[in-house]
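Per-chain numbering from 1; labels A, B, C and D assigned in written order.
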Amino acid sequence: MELDTTVQIELYKSMLRVRLLEEKVVELYPDQEMKCPVHLCIGQEAIAAGVCAHLKSDDYLFSNHRGHGHYLAKGGDMRALVAEFYGRTTGCSRGKGGSMHIIDTDVGLLGTSAIVGGGIPMGVGAALAATLRGEDQVSVVFFGDGAFDEGVFYESYNFATLKKLPVIFICENNFYATNSPQRARHAGSRIADAALVFGSTGICVDGNDVEAVHNAAGTAVEHARAGKGPMLVEALTYRWKGHVGPGTDFEAGCRSEAELREWIDRCPIKSFRTKLIENGILNTETNNRIAEAITDEIEEAFQFAMDSPLPEPSDLLTDLFS
Amino acid sequence: MELDTTVQIELYKSMLRVRLLEEKVVELYPDQEMKCPVHLCIGQEAIAAGVCAHLKSDDYLFSNHRGHGHYLAKGGDMRALVAEFYGRTTGCSRGKGGSMHIIDTDVGLLGTSAIVGGGIPMGVGAALAATLRGEDQVSVVFFGDGAFDEGVFYESYNFATLKKLPVIFICENNFYATNSPQRARHAGSRIADAALVFGSTGICVDGNDVEAVHNAAGTAVEHARAGKGPMLVEALTYRWKGHVGPGTDFEAGCRSEAELREWIDRCPIKSFRTKLIENGILNTETNNRIAEAITDEIEEAFQFAMDSPLPEPSDLLTDLFS
Amino acid sequence: MPWTKVYSDRSEFDLAVEKDPALRGLTYRDAILEASTQLLESDSDFFILGEGVDDPGGVFGTTKGLAERFGTERVMDTPLAENGITGVAMGAALAGMRPLLVHMRVDFMTISLDQIANHAAKWSYMFGGAVNVPLTIRAIIGRGWGSAAQHSQSLQAMFTQVPGLKVVMPATPYDAKGLLVSSIYDDNPVIFIEHRGLYETVGHVPKELYNIELGHGVVRREGADVTIVAISQMLSEAIKAARRLSNEGIECEIIDLRTLLPMDKGIIIESVKKTGRLVVADTGWKEGGYSAEVSAVIAEEAFDLLKAPVQRVALPNVPTPASHVLEAAFYKGENDIIEAVKRVVR
Amino acid sequence: MPWTKVYSDRSEFDLAVEKDPALRGLTYRDAILEASTQLLESDSDFFILGEGVDDPGGVFGTTKGLAERFGTERVMDTPLAENGITGVAMGAALAGMRPLLVHMRVDFMTISLDQIANHAAKWSYMFGGAVNVPLTIRAIIGRGWGSAAQHSQSLQAMFTQVPGLKVVMPATPYDAKGLLVSSIYDDNPVIFIEHRGLYETVGHVPKELYNIELGHGVVRREGADVTIVAISQMLSEAIKAARRLSNEGIECEIIDLRTLLPMDKGIIIESVKKTGRLVVADTGWKEGGYSAEVSAVIAEEAFDLLKAPVQRVALPNVPTPASHVLEAAFYKGENDIIEAVKRVVR
């Protein structure tokens, strides 16, 4: 099913916004002013973009350590995100969280956990809340192939299916957890198949094809919103950067450069841009205009962050309880 | 495949030994001299018997709160078991464990956990030990349908399959965890199917048919011993007594008497006895002789237990470390 | 104040009612059931989930009949998946509900410690206060009849060491009801630990829904010679000990903290000002237990008041044994409190 | 004894080597790697498992190259399934192996607390000593650079409250090697906690395999005025503090417990006999932390020796914040120790 051109442009913008933000982080991280670990999602942007395009701002979202893309695609405030990288009081977590712990309740993002798998049951719980209140929100959880190792995934999926909760499980399978390849951790090979155990449906999709992701997520969101319970979407992708920080894994000797090159050739953004241009939906000029607008937003966000105040030591003891 | 008659007789004896022991507990429990919770396995004896018939005494076994049958079928010392019920120093756990924590290292039973699911990964670990040492032991874990709710089952099964460890997962599906029916806890309906996610094999078998259990377990044990990894055997059965103690659930208003009656009609021991008698393998006289020998053993075990010394208060502080 | 009184048994309460017919007696168990019922009636954001909450037995009676009356959506049985279900409850709390998660035994919460300590406890702080986690977790301390090592623990100290949690351990029916209500309406994660040995105790419990502010202890008995901080089920042991000691001319002041975290240091220090001596009687282990924190913090903040070292009456450093002989040696009671008092009162 | 000396930095150690060329210098990280290597060489029952142990980085260097050399069966990467894998390691231990399970961060052990506290710790006792669990679990305390609430905890107190565990926290390269070897050969479950901040420290480490008996602290510095019990990374802070205090005429005696559970009470009491004052400097939280137990137990057993209340230098009761400004306010160091000492030495 071919998507509407406005949707296509929005998907493209959404991906590009994430990419350019992450590249800015790569550029500025060596200054050591962002004093926290950063887990970049360059190469994986299509998933956040394709999924979040279906969500309303009051739909719930839970994410993990690699959450910048999810935050932005769900409509999170970029300035507050960048300010959080810089540990400022204007950060989305007022400097308490850092890059691994970002939140924007205005758009339904209720937090990101840096404990692998930790966010999954919470996503189910938010869906339960919506169901108990009789509201039609859905809840989305993003997690990696590493989180699929954890028993909590199964517990959560079983419960969600049992209670037919409106939650969508999005597994971003980038084939590695830190440096451990999927085959060293999973006896099975297709994560999506796990849904079958619970009498539910799994969809495995090319995570670098934003339209394919959009389609799959659309099916899952519709299914959930109709009260039919969860689906498991496995999106195959690759992270270009190291597990943490702006370097690459081949430089660190953790995997081959060839593998990375292959995936760079399948860049979700470049291929989609090419398609849009070929189909006359995008031209160089519009593309540049889009990129410039995003670049401006990013520049402004970094400026905002750097101009923002650092916390006072006395802030240490606030926010424990509300 | 019809079993050898000696095997059949052994299976029958094994089941009967468990049944009569448990019935003795039912009889004497009201005396309040066994001062610990007892989780009886009356109705489920075919599983312990059918599985353990394949095991050598150095094969490993791990079990749960409902472990009397596993203990006996694996060849555990009945006197030490009963003495443990009575909290005596001659108990298999020297009075420290009670009915929920029984052990007999001489026959490879390395303990029973009363934390649901707790024993499962340990069974995998013992199989790992055998593999690392290049020995041919297999390891068996018994667990209930309730333990299938717990994430640790999946974690353990994945790891065992991934590393092709010689461990057999025996799920005694009696359709309830305490009073919670399976359908209130599992989105899926067939536990055995979970093996598929891991590219492994599951077998669902009538757990009240000792020969069927024996066959399925035989396949799984052989598979494991050949270095091909685990299998998941789901044995469908029913517990006649309450979750804990000698009463019944229908008396307590937890389920219908009709349901129990149906299952009593499918008594694993009675039906097997009938078959053996019909086939001329057993006659009333031999049957009586078998029952008497077991009854004698049981009488002797209870006498032994009651004659055994209670711990001294000073024993409280021993055994913490070895 | 009728609610500060602890009745040692049913007959003592019946006598009290004769004198004051306005006293309304309820067991600890029923106080919890009543609070839960009234919350279900009055607040649609409130719901209960946990293993067996819809069971005919109803978690030792504390949820009995609720599923029938309010439906299994609001009184929801769950799979045995403690870590996942705790995360589910937390997610529901983040999305604005006020869940009450129930565990038959606190032992099973070791499985869900990650969701409790790494998530629920940290979520407000970690996100600079952007969200809050109004989650309450009830758990029961089992004991006796050979429950043994995995079904008898008193794990409050596992929680009182986690910043971001509140920990409540009511010792009377009145407190059980009022503190449960307050826990539910607290916007932060609260671990609410009950002792099975208290379930039959009877006391005055008002019919209406009421709050008891978290974080405040109460003096259960006044006395000038020694302060006893008694936690949960140890309160009745302390009262028995105090009666016997009184016969020997030693007067104990007994403090029931009710909320362990945050600790009401003030009420302890006030009392120690008078007595100069402190005994802490806890249901948990001594080594690394909650009594260590009470001891340490009072020594820090009131060292000059102390005429003798703080004494801890708590469990020896072994798991719970099964045999009744060993159980008797393991658990602490009035005699141990009396000994501890005598060590410091000379 | 060359091994009791703590070198504040590489240059100090280099100077020491000039004087005594027999001194063999190794970092804390390499001491662990060396112990692991030699155990793999010498004992076929020993193996290592954990997330990323075969990684090129090798758990911050501590397992680097081992998988290549000994194979991925004996140096085994595992799925991210902390509870299950801990149970697997425990099962292997029950079946006669001596597994070393490695966690990059101690924070992840909250997930496996059930296997640790309900199973490994209790298995020997619960079965009357019929079996033992020779399992060692290494875990690292992360810190700094915005690691934040879930990647920076110092969770020793979560373990020191569990009867049946031993807990070791070496502060020097010498101890790291010797205590790791002893932990592996201990027949009981040992939690072995390292502080990432110590990894670069250099000290004398003998080449051969050697044991340091668990349960024995060591005096790192002698002094008559105050005793400082310093845990793990706080040892170097205590040494710095002691140097500065010495300039003001205050002499600190510094004790490194090395094993937290069982606690070497004797060495503390011996020292307090001389000094009459005690400061406990811990890397963990203050409230409910290990320092509470030290404080409580010393007060109990040596109250009359204490001229002042035991002081605890430990973390304030909030999760770790990310912003570096807040990190600086959160962590404790030499200045806090100096203040604590001055509060008690008048």
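Convention: a contact is a pair of C-beta atoms (placed from the backbone, for glycine too) under 8 Å apart; a residue touches a chain by one contact, two chains touch by 3 or more.
What you are looking at is a predicted structure, and each value in this text was computed from that prediction instead of being measured.
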Q) Both chain A and chain D are touched by which chains? A) B, C
Q. Using each chain's Cα centroid, which is most distant from the centroid of chain D?
A. B
Q. When the C-alpha atoms of chain A and chain C are each averaged to a single point, how far apart are the two points in Å?
A. 41
Q | Rounded Å distance, chain B centre to chain C centre (Cα mean) | A | 37
(Q) I'd like the Å distance between the centres of chain A and chain B, where a centre is the mean of that chain's Cα atoms. (A) 46
Q) Whole-Å distance, chain C centre to chain D centre, using C-alpha means? A) 33
Q: Specify, in ascending order, the residues of chain A that touch 2 or more different other chains.
A: 91, 93, 95-97, 101, 113, 115, 118, 149-152, 154-155, 158-159, 162, 184-186, 320
Q) Which residue numbers or ranges of chain D touch two or more of the other chains? A) 78-79, 81, 83-84, 107, 111, 114, 118, 125-126, 148-150, 163-164, 317-319, 321
(Q) Chain contact topology under the given definition, line, ring, star, complete or other? (A) complete
Q: Report the residues of chain B in contact with chain D in the complex, numbered from low to high.
A: 60, 62, 91-97, 101, 103, 105, 110-111, 113, 115, 118, 120-130, 132-133, 139, 151-152, 154-156, 158-159, 162, 318-322
Q: Under the touch definition given earlier, write down the residues of chain C that touch chain A in their complex.
A: 44-45, 47, 73-74, 78-79, 81, 83-97, 99, 114-115, 118-119, 123-132, 163-164, 166, 187-188
Q.
Applying the document's contact rule, which stretches of chain C touch chain D when the two form their complex?
A. 83, 107, 110-111, 113-114, 117-118, 121-122, 125-126, 148-150, 157-158, 160-164, 261, 285, 287-293, 295-297, 299-300, 303, 308-312, 317-319, 321
Q. Touching chain B in the complex: which residues of chain A?
A. 149-155, 157-162, 184-189, 193-194, 196-200
(Q) Taking the touch rule as given, give the residues of chain D at its contact with chain A in the complex, in rising order. (A) 51-52, 55-57, 77-84, 107-108, 111, 145-151, 316-319, 321-326, 328-330
